[in-house]
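In the two complexes below, chain A is the common chain; its partner is chain B in one and chain C in the other.
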Partner chain A sequence: MGFLDGIKVVDFTHAYAGPFCSLFLADYGAEVIKIERVDGGDQARTWGPFKNDYSAYYASFNRGKKSITLDMKSEEGQKIIYDLIKDADIVCSNFKAGTLERYGVGYEQIKQIKPDIIYATISGFGTKGELSKYAAYDNVIQAMSGVMDVNGFADKGPTKIGPAIGDSYTGLLLLLGIMIAFYHRQKTGQGQQVDVTMLGALFGLLEYPVLEYANNGKVISRSGNASKYVAPSDIYRTKDDYIAITVKNDSQWEEFRKILDLPDTEAYATNQKRLENQSVLKTQIEEKLKNYTSKEAEALFDGTQIAASSVMGIAESLENPQLLARDMVIEVQDPVMGPVKLVGDPIHLSENQPITNLPSPTLGQHTEEILMQLGYSEEKICWLRANHVV
Partner chain B sequence: MGFLDGIKVVDFTHAYAGPFCSLFLADYGAEVIKIERVDGGDQARTWGPFKNDYSAYYASFNRGKKSITLDMKSEEGQKIIYDLIKDADIVCSNFKAGTLERYGVGYEQIKQIKPDIIYATISGFGTKGELSKYAAYDNVIQAMSGVMDVNGFADKGPTKIGPAIGDSYTGLLLLLGIMIAFYHRQKTGQGQQVDVTMLGALFGLLEYPVLEYANNGKVISRSGNASKYVAPSDIYRTKDDYIAITVKNDSQWEEFRKILDLPDTEAYATNQKRLENQSVLKTQIEEKLKNYTSKEAEALFDGTQIAASSVMGIAESLENPQLLARDMVIEVQDPVMGPVKLVGDPIHLSENQPITNLPSPTLGQHTEEILMQLGYSEEKICWLRANHVV
Partner chain C sequence: MLALDNIKILDLSEKLTVSLATMYLSSYGAEVTKIERPDGGDRARQWEPMKDGSSLYFNYLNSAKKSVTLDITTKEGAEILKKMIPYYDVICLSAQAGQMEEMGIGYEDLKAIKPDLIYAVYSYFGQTGPDKNKPASSLTAQAKGVAMDMTGVHGEYPVQSAPSIAEHYSAAYLATGVVMALIDKNIRGVGQKIDISLTDSIYSCIEAAPAAYSTVGEVHKRKGNFDPSCAPYDTFETSDGYGAIGVATQKQWEKFCDVLQLDDLKEDPRFIDNEGRRTDYMDVLRPILAERLIAYTKTEIENRCRTQGIPCCAVLTIPEITDLPNTLENGYMISTMSEKFGPLRYPSVPFVLSQTKAVPFSDAPELGSDTAECMKQIGIAQEEISRLKENHVI
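On to the complex of A and B.
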């Protein structure tokens, strides 16, 4: 049994950030009721990759949730939402600020119905200020936060981080906020609002460039794969591909130097000197490594202190026994797609196992079931369907 | 009062990943007792940026914690650790697998002393398998997980994500695991082990490239700043710099096209067509935008549905009123550095405010205080100091 058994979530999330958050709630046993538009539902249903014309993307982030379709603009639809929330513990959403208020589902409105609700929202910029009215996408937030400026190479333009971490990381912060609020409610009986922004989340990842500029006025921009503080720490060309290596201290350097037969020179005696001379050092390292494939080079460092890995593509990563052993690739039986491979839960707890084998819902799959639980008659449900409320 | 008031954490973390996790515990009121090596302490104390020769980096991730120095290899040191843990709620660490066991502080050993302990660890690869004995650094895990392969441009090599998300993201997952375990203990009285790996964490961020390959055998590699699924969504050169823009659907496209006076052609009529013709489209967009600075271009989309932002460096990002209003840049009075600017807490809760105004500890600052609380006499403490146990 999940540790959130008996907990009910009314889930207005869509696309990536919000569903990434409520996925963990479902994994740990909460009943997550996803509200979807009558006309097509969550936009992620139209996003690839597809299997049997069904979105594996949607499936991946909505495993184990229930789907009810609803016209939130209609009075009857709002009534259903209130009925759902009366009995719920958590509401979450990632609409831009003001959207839920317009539908009568803002925090102040919901508190009237359910005073101890945990009301959790992701937005691009928060509920106040000039930017609050704007929708936010990962790439725009990456640009605004400064993240793009510190990702990539100095001789190339600013670079978007490949995976949409403006969504995933912010989703995880929201989940953490929900857990804090949940514990607080447990202790005090009190609900609260949890509010996380994509802009604040990504800014919070910038580490030393922010500290350096804010305190010393020094601008640190992108530096490709090389570390600013440790050398050698970079990726290097081999006979067939690349290898990532980090040599953290002088003792590791001695070991590394001997393995690759690099010169025992004063110029590389300390980390500071290796940093100053890193461009010559890199040439010398690559001169040695061109005799090895990445896998052969990796093997050179087996059993040493030195951290090294060939740079792997997805295909290779997917076969890593270390990942497979941790259930990071799971197979779910889906009613539409058949067996589909999805991504597992990276948190391992000895006493709380996540439930990861449930498929995602088809659009509106649980509409009837949920309405009947709320006490709606079959006749009423027919009427709601005929009037496109559900 | 923090919601974790009265909760005691014995914190073996160092560098970035672990301290990023325990920082949040300190923010919400837990007493975080950081165990540091007698000789120099946490390696992050030697990492820049510096202010008054003191590490602002260390300060940023260790705000509000207490520091005790300890020789973990000595019998007396281990006795102190047991004394600390007897009275603690949470142990956390980011040593590689096996290190704490060697010091007599593995989960099985600690459970004997404190059965309901929450024992939380970050490692590169987990406690089992061939790779478990290796230390892990962010760049090596980025290489192995597949993240480097999907970050950056097709015409450039694999690219490390600038900020060390192998550390920060994994740290946050550990924190989430701790919160789940904490709630479980609250409910059942039972402690447990929380185990998160950097490899699993980063793999869990890969989204569509994993789903596409695992289900359809199709390899998706890095594509720079352009979206794979939506067009136009990219960054564009302007008169002076770059601007990030995402045009999500046909209605936004109509608006965008009119603002920039782009051709009203069948070739751009649907998202699919705009994707197919995105390279010509990009040239046409940049042809228009070269007449505007990034700020002027941004202003063109004010009050429209279109998400756009100039690509900002850290200096500009640091002045964004939307970030400042959310306390993402805080000033802490530090006994060594004086006033120092650090990064705030991105989670906003209406009922649980984080404590973010406390400085980080100097090395061993609380050694005496903590030992006296454990009942050690002044004489004994003198002896421990003289013998370099503390």
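On to the complex of A and C.
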């Protein structure tokens, strides 16, 4: 039971960005009908790793959705889409700009069939200008947006943020836009378009360097992990891995210094001095921390106000008591792969439990069910299959 | 008409995350009132970049909001906050578990005053779980979010992402949660609590890492700029900077080989499919490509690939992207005339609704500019206002 119970989503999304968005719609009870190509479906189905020939990647972002295969180029296929959209509430897509129009399912066309539809699209570089026609992927968007240039160490190359944030962050903003549009529709009955671009989403992450450059002409590039405002605040090497530590003020510094047996010197007496001398300080801190594993080092600061966290990897995170207590690690029984662990829902609404226990659909798993609901006869469905429309 | 123009929000937070969330909501019409400490207010008022002694950063995050000074850590201040609650639909704040409850203004306290209140709270680790009161900074909370372990070069230090992505994800989740709760309130008439944490938010972006580990034991850890799912999906040094390439399909790989004169690789049986290209990529395909691509400039690679439908781009610097024609054509930057600062350029709200558009930018409020009006509204007499001012409660 979720607040989107009874809401129908026609989901043209594929790969990662769009599916990340519609995942949340399914979590809160919407019926998300994923339209997939007849020959292979969503390209993410071909992305590794695989277990029993099924993509664990695809499984991560499509749980709780329904899958129907459809040839969108065929006349019969388009008719099915129109039938679906007639009583749908939301349409989502992350095709590049212009693709849906070519298939006869652009906003202007859909509005004729369903005037109050919320029509939500992700594109790569925007809808205007010569770049709009090109396909985009996360690393390209991270590169172009400036994110890569500001990320990493001053003396090393630009660094991609490991996970594909160009996809998930864009998907998340689309979700926010859809929710605002949905609220407006509740009030007024009016539908509308919601549009997010991957480039615009990541560019928006750069508030500080963009504001500096655009208004003060000052150029900011990558500068590593150390804080510019307090010291020590950085990532340190330990005996086995790494630990993040932030010492926020002088009294914490006193405590920190004693715990690690660091020199009691004028050079570290104030935050300003510790900032100035932080490279020497870092060497001394790491000299001490090399005697401890990250876990042991983190425990040194238990009971103090000093912020310290080992840098957690994926394997450990799946057993982490805090993440487990927050339902951030969930286990789904996948009919093909068996048990699979996935990321839970971070929104935590007290009156809405997200539905997170359903597996992702196999390709076309719900084709027949959905067509029958639309009133197609068994005979007709056979014909559609024989002609590769579904 | 604005989408959220009937919604009133109290924002008790400071700094980035919650201010960004309420900025998104105010852009779409909600009336947002910031509650600030009487002694200096939101610390972001001092944050760079500065212009004429004032923070552009604060001005950007708090566009069009109201400002009321109120020290909620005093008993009187907490009582005044309670008097304000009936006038608002939503309260957004940033607090560790137990912190608001200790002051008598936790969710249950405020819910008793206004049962359908939407209460959104942000913290590093969340309001529940064994670590809820563990001391933290943004850096250390991100360290628990795995994305850090996945960012950077193999065998070297993990990288805290330089744009504040953990805060931006948190802000977007918080704003989304608020609107979800507003929708639910329309349906069922109930309010609710929204509990957003920085660690959960950043953990939600780690892609298929949990599935990959739990199904086949594949560990997703930092691998430079390479993506483990498909190859070559990476950044390469060129003769004049860096270029990023994203080959995700077989067709793209073949075209990539054609336009960059890599015919031998196209024929190479090791690289015949994606599985082959991604297997031991760092030691096999990557070094070969690194050697071949350094011969081109970053724009040469971009142009050759892009025209063939292969996703790729030169790595742009902040000035390059800010002034790119595409940025202006698509409205990612807006130019505005600020009453306070004169002409300003700001990044625009990164999601666009066609009917209920975002409101144009206007300056952030001066500290406490709406205090007197707000006190009057809740029935506090003029003398009382003066006394509260003297006692630094407001």
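Keep in mind that, in the parts below, the second predicted complex is superposed on the first by the 385 of 390 C-alpha atoms of A that agree within 3 Å, B and C clash if a C-alpha of one lies under 4 Å from a C-alpha of the other, contacts with A are read in each partner's own complex, and residues count from 1 in each chain.
Methods note: contacts are C-beta pairs under 8 Å (C-beta built on N, C-alpha and C of every residue); 3 or more make two chains touch, one makes a residue touch a chain.
The structure displayed is predicted, hence computed values, not measured ones.
Per the definitions stated earlier, placing chain B and chain C onto a shared chain A by superposition produces a clash between them. By the touch criterion defined above, A:Asn387 reaches neither chain B nor chain C.
When the shared chain is aligned, chain B and chain C each come close enough to touch A:Leu318.
In the superposition on chain A, A:Ser251 contacts neither chain B nor chain C. Look at A:Asn291: by the touch rule set out above, it reaches neither chain B nor chain C.
When both complexes are overlaid on chain A, the residue A:Tyr28 reaches chain B and chain C alike.
Touch criterion met: A:Asp195 reaches chain B and chain C at once.
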